[in-house]
Amino acid sequence: MLSRRRNLIPYLLLAPGLLWLLVFFAWPLVQVFVASFWSGSVERGYSFSFSNWVNYPNAIGPVLPQVGRSLLYSGVATVLTLLIAYPLAYTIAMRGGRAKNLLLFLIVAPFFTSFLLRTLSWKILLSDHGIVFGPLKDVGLLPEDFRVLATPMAVVAGITYNFLPFMTLPIYVALEKVDFRLVEAARDLYAGPWRRQGTLVGAIVGGGLVAGLSFAFGWSPAIPTVLAALVGAVIGRFLISEAFVRVTFPLSLPGVFAGSLLTFIPAMGDYVNAEFLGNPDSRMLGNVIQNRFLTQNDFPEASALSFILMGGILIIVLIYTRVLGTDQLTQSRV
Amino acid sequence: MGATTLERTSPQRRPDVGVVARARRFVDRYLLFTYTGLAIIYLLLPIAIIILFSFNNPAGRRNFVWTEFSLDAWLDPLGIPGIGSAVTLSLIIAVVSTLVATVLGTLMAIALVRYEFRGSRLTNALIFLPMATPEIVMGASLLTLFVSLGNPPFFPLSLFTILIAHILFNISYVVVTVRARLAGFPRHLEEAAMDLGANEWATFWKVTFPLILPGIIAAALLAFSLSIDDFVITNFTSGRTQTFPMFIYAQARVGVPVQVYVIGSIIFLVAVISVGLTTLAGRRQAGKDFEPVRKM
Amino acid sequence: MPDSIDRSIEITRRRFLAGSAMAGFAAFLAACGTQGSGTAAPTGTSGTPATAPPSTAPVATKGVEATYSPELNWANWCCYLDVDPNDDKKWKTLEDFKAAHGTTVNYQEVIDENEGFVASISNQITAHQDPGWDIIVVTDWMVARLVRLDWVEQLSLNNMPNYVANVRDVYKQQTFDANMDHHAPWQTGMTGIGYDPTKTGELKSLKSMFEVNPKWKGKTEFLTEMRDAIGLTMLAAGLDPTKPTRADCDTAVTMMLKARSDGIVRDVKGNAYTEDLTSGDAVLCMAWSGDVVGLAADAPNVKFLFPDEGVMFWTDNAVIPKGAVHKGTAELMIDWCYVPEHAAQIEAGISYVTPVKGVQELYAASTDAATKALATDPLRFPPAELAPKLIQFGILTEEDEKYFNEQFAKVIGVS
C-alpha cells in the first residue's frame, strides 16, 4: 500500500505544472511544428506537406553567420557571466552574514525596471564621446574612431549584464548550503593554493576566454590572449585554494549548471541586445526569426528556424549535462 | 579563501612570515569584498543613471541629456494618461504569476530531483524548451491557441491570458533554480526525521522546506523580474490591456517621459528599502531571515 | 514640464510630419530665390480645384443607420490626439465626443509598429472573432495589405458625410482603395535626412549618404522601414519610387550593402536613430521630419534636410478591423474628426498635416492671435510648390512586397 502511494507521489507533484506546460506550451508548439511544413502565404492560404521539409535547410542556409554568432555571443556571455557571478555569489554566501538578503536584492532589483531604460542608460554611459569615452579620447588614450556601441562587444556586454542575476542567484543558493565545516576540514587536509594545476587551468581559462572574445570582436588575438593567460595563471596559482577546488566548487556545481542554463538558453534566442546595441554585422538568430515572422510574415520559415534553434539548444544542453555528470546535478543524494 | 590556507601549512612547509605574508593576507581578506563592491556598482550603474535622470527636466521630449534639476516628475509621477493603470497591472501580474509559478515549479522540481519515474527525461526536455523558444514564437502560438478555443473564445484576451502566459514561462526558471538547491540534498536528514516519528507531510514542512526556502525565494525573485519586464509575449496575449513595458515601448517612439524614470526608480527603491528594513529588523530581534537554522 | 503644453508646441511624431520639414523647405526655397511658404495661397498644398472650401463648419449629421454605442475601442500611435490642456490624463476630442453622444472611448496608444500590432490581432480576424479594437491606425502600405486580405470593414459612407465632403483631394489619388471606403487618412508625414551640419557641412543631396567622406564615415544610419530606405536610395540613384520594380530593388539594395561594406554605415535601425543624433554618435541619418523637429530642444545642431531629389511622403490611416463590434460608432467617431472645427482642435493639439479641408481657413478666420498664426504654419500647411518633391512609394503586389522584404533583410543584417 505504502509503496503504491509512493509511486504516485511524483506524478501528483508534477501534475499541475506539467499540465500547464502541456496545454499552454506543448500543444501550441505542435501547431508551430505543423506550420514549419507549410507552403503558401497568408493571402493565398497555406497547405501542409511533408515534402516541405525543405523549409528547414532553406531557412537556415542563408543565415549560418547569424547562427554562428548566436552560439559565439551566447557562449562567451555565459562564460563571462559565470566568471563575474561566481565570486560575487561566493562572497555573499560565505561572507554575507546578515546582509545576504539585502545584497541579493541589490543584484536582482535593477532588473525590475524596464530593459529599455537600462539599455538607454548604458547608451548614455558608453556613447562614443560621452561621459566615459569623451575624456579618454580628449586626452588621447583612445583613438577618435573607437566605439563600443554598435559593435559585437556591446551586444555581448549587454547579454552578460542582463543575465547576471540569472547566473548569480542559482550559484548563491547552491553555495549557501555548503557546510562550512567541510571546507575547513578540507583546508586542514589540502592546505595551500592550487599551485601547478591552478596555474594551468587559470591560464587556459583566461587565455581561452579572451581568444574567444578576440575572435568574436575582431581584435588581434595575440597580446590580449597572452595577457589574459598570465592573469588567469596568477589567479589560479595564488588566489584559488585546493580546498575550494576539491570541495566547495563541486558542491556548488548544481548552481553553476543551473545558472549557465538560465543564461545560455535564453541568450541563444535573444534579439533585443543585438537590435539595440549592435549593428547589421552582429545580428543573431533571434533577429532573423523576428524578421521572418513580423516583417516578412513568413510563418513556415520562422517556425522552422525556431525548431532548429530549440533542437540545437537541447542537443547542447544534453552534451553539457553529460560532461558535468548528470546525477550530481539533478538528483539528491540518497 | 586563500589567506587562511596559506597560514595553515603542511608539515613540510615553513610558515609564511613577514611582509609578503601580511600583504597576501591583506589582499585575500579584502579582495573579495572589493570585488563584490565593484560588481554591485557595475550592476547598479544604469539604475544610478535612471534615478539621476528622473530628476531631469529635459528641454524636449527626450530624456538623455542632462538639462536641469527638477522635482516636477516626482511630484506628478502618474501624470501621463494610461501610466497608472499600466503600472498597477504589471505589478499585479508579476505578483500573481510569480506566486503560482513558484508553487507549480517547486512541486515539479521536488518530483524531478527526489523521485525516479518514467518520463523524467521528457519532462526535463519540456522544462528547457520554453526557455529555448523565441519569445515571438511563444507569444504568437499562445495567441493562436487562445483565439482558436471556442467562439467566442474560451480564453478572451485579457488579464487572465497574460497571467497564463507569464506563469508559463516562469515555471521553467523556477524549476531550474529550485533544483540547484535541491540537488545534493541529503535524504538522511529526512529519513532521520521520519525515524523519529514524523510523517511525510511534517517532514516536508519542518525539515525539507526550510532548507530549500532560499532556492524558492531566489526562484521567485527571478520570476518576478521576468514577469514585470516582459514585452513580446505580453504584447500578443494582452488584448486591450496595456502593461507597463508595453506602455514604455509605445512611448519610446517619441521619447520616454520622465515619469517613467520616476516610476522605475520607485520600484527599485521600494524593493531595496523594504528588504533593507527587514534586514535591520532581523538584526534587532536576532531571529532568522530566510537563512535556515542549520546548514545541510 | 506639463506634457500638454509640450505636445501642442512640439512636433515630435516620427512619421507623420510633412510640415516639419517646411522650415527647411522655406530656407531651401528662399535660397533658390522663391517666396517663402507663408505667402502660399490659403488653399494649401492639395491643389484643390476651384470649388471653395466650406466657409462654415458643417455640423456632423447623424447617419441614417448608425447609433452611438456606450463604448468604443480605439488603438493609435503615441501622440496622435490632442491632450486636454486642463487635465493631461484625458484627450479633449474624446471628452467632447462623449459629451455630445454619450460614448466612452477606450483610447490606447498601444501601436508602436505596424507589423507587430497587426500580428497581435490577425488571429482574431481570421477566426472571425472580435479583434478587440474598433478603430486602428496603420500606415498606407499596411492598409493596402489589409484591404488585399479583406481584413478591414467597408465603411458605410452614408454615415460619414463629413469625411466624404472634407477629405482633401490629394488623398484620393492612391491606388489601394480607389473608392476611399476602406480607410480614412489620419495624419501625414515625411522621410528625408537628419544631420548635423556643424559636423558634416551643408549637404544638399541624398547621394551624400553613399559617399565615403571622413566627416561622416561610420556615423550614418539607414532606417529599417523598407519603403523609406529603398525609396530614398532609389531617389539617390535617380530612379522613380512611385513605380518600384524588382530591378530597382536590387539596385537600391546593392547600393546600401556597398555603403555598409565601405564602412559608411553605423547601423540600420528604427527611430532610435534620434538617440544617436542627439549624442553625436551619428551625424547623418535617414530621418522622419517630425522626430528631427522634436529634437530641436535636445540637439539644437541637428537639422532636417529636404534633399534635391525629394522626400518620401506617406500617411497613417484609420481603418476598422474586420469583425469590430462597434463598427457604426467607429465610423461616427472618424466622421466627427473630419468636421473642420474638430479637426482644427486636434491639429492645434498635435500639429501634423491634417487631411481635412477647411482647417486652415478656420485658423485664418480666428480672432485669437495664436490660433491665427497656425494658418500660416508651414509645418501644418505645406505650400503647393513643394508637392512634386513629396514622393509616395508605389504600392507593391504581394509577390513584390515579399521580394523587396527579402532583399532588404540583407541590408538589416538578418539574411
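Each chain gets a letter, A, B and C, in the order it is written, and its residues are counted from 1.
Basically, a contact is a pair of C-beta atoms (placed from the backbone, for glycine too) under 8 Å apart; a residue touches a chain by one contact, two chains touch by 3 or more.
All values derive from a computational prediction rather than experimental measurement.
Among the remaining chains, C is positioned farthest from chain B, on the basis of C-alpha centroids.
Counting C-beta pairs in contact, the chain pair with the largest number is A-B.
With centres defined as mean CA coordinates, chain B is found 16 Å away from chain A.
Averaging Cα coordinates per chain places chain A and chain C 41 Å apart. Along chain C, residues 116, 119, 275, 279 each make contact with two or more other chains. Contact with two or more other chains is made by residues 64, 140, 144, 249, 252 of chain B. In chain A, the residues touching two or more other chains are 120, 123-124, 290, 293-294. Within the complex formed with chain A, the chain B residues making contact are 1-2, 4-6, 8-10, 13, 24, 28, 31-33, 35-36, 39-40, 42-47, 49-50, 53, 64, 104-105, 107-108, 110-115, 117, 123-138, 140-142, 144-145, 164-165, 167-168, 171, 173, 175-177, 179-187, 211, 214-215, 218, 221-222, 224-225, 228-229, 231, 244-245, 248-249, 252, 256, 260-261, 264-265, 267-268, 271-272, 275-276, 278-279, 282-283, 289-291, 295-296.
Taken together, the chain A residues at the contact with chain B in this complex read 7, 9-11, 13-14, 16-18, 20-22, 24-29, 31-32, 84, 87-88, 90-92, 94-95, 98-118, 120-125, 161, 164-166, 169-174, 176-180, 187-188, 190-193, 238-244, 251, 254-255, 257-259, 261-262, 265-266, 268-269, 271, 286, 289-290, 293-294, 302-303, 306, 309-310, 313-314, 317, 328-334.
Taken in their complex, chain B has these residues touching chain C: 57-62, 64-65, 70, 72, 78-82, 140, 143-144, 147-148, 151-153, 157, 235-236, 238-240, 242, 246, 249-255, 257.
For chain C in complex with chain B, the residues that touch the partner chain are 1-3, 6, 10, 12-14, 73, 77-79, 83, 88-91, 106, 108-112, 116, 119-120, 123-124, 127-130, 132-133, 271, 274-275, 278-279, 291, 294-299. Against chain C, the residues of chain A that register as touching in their complex are 41-43, 62-63, 66, 120, 123-124, 127-130, 145, 147, 149-150, 275-276, 278-283, 287-288, 290-298.
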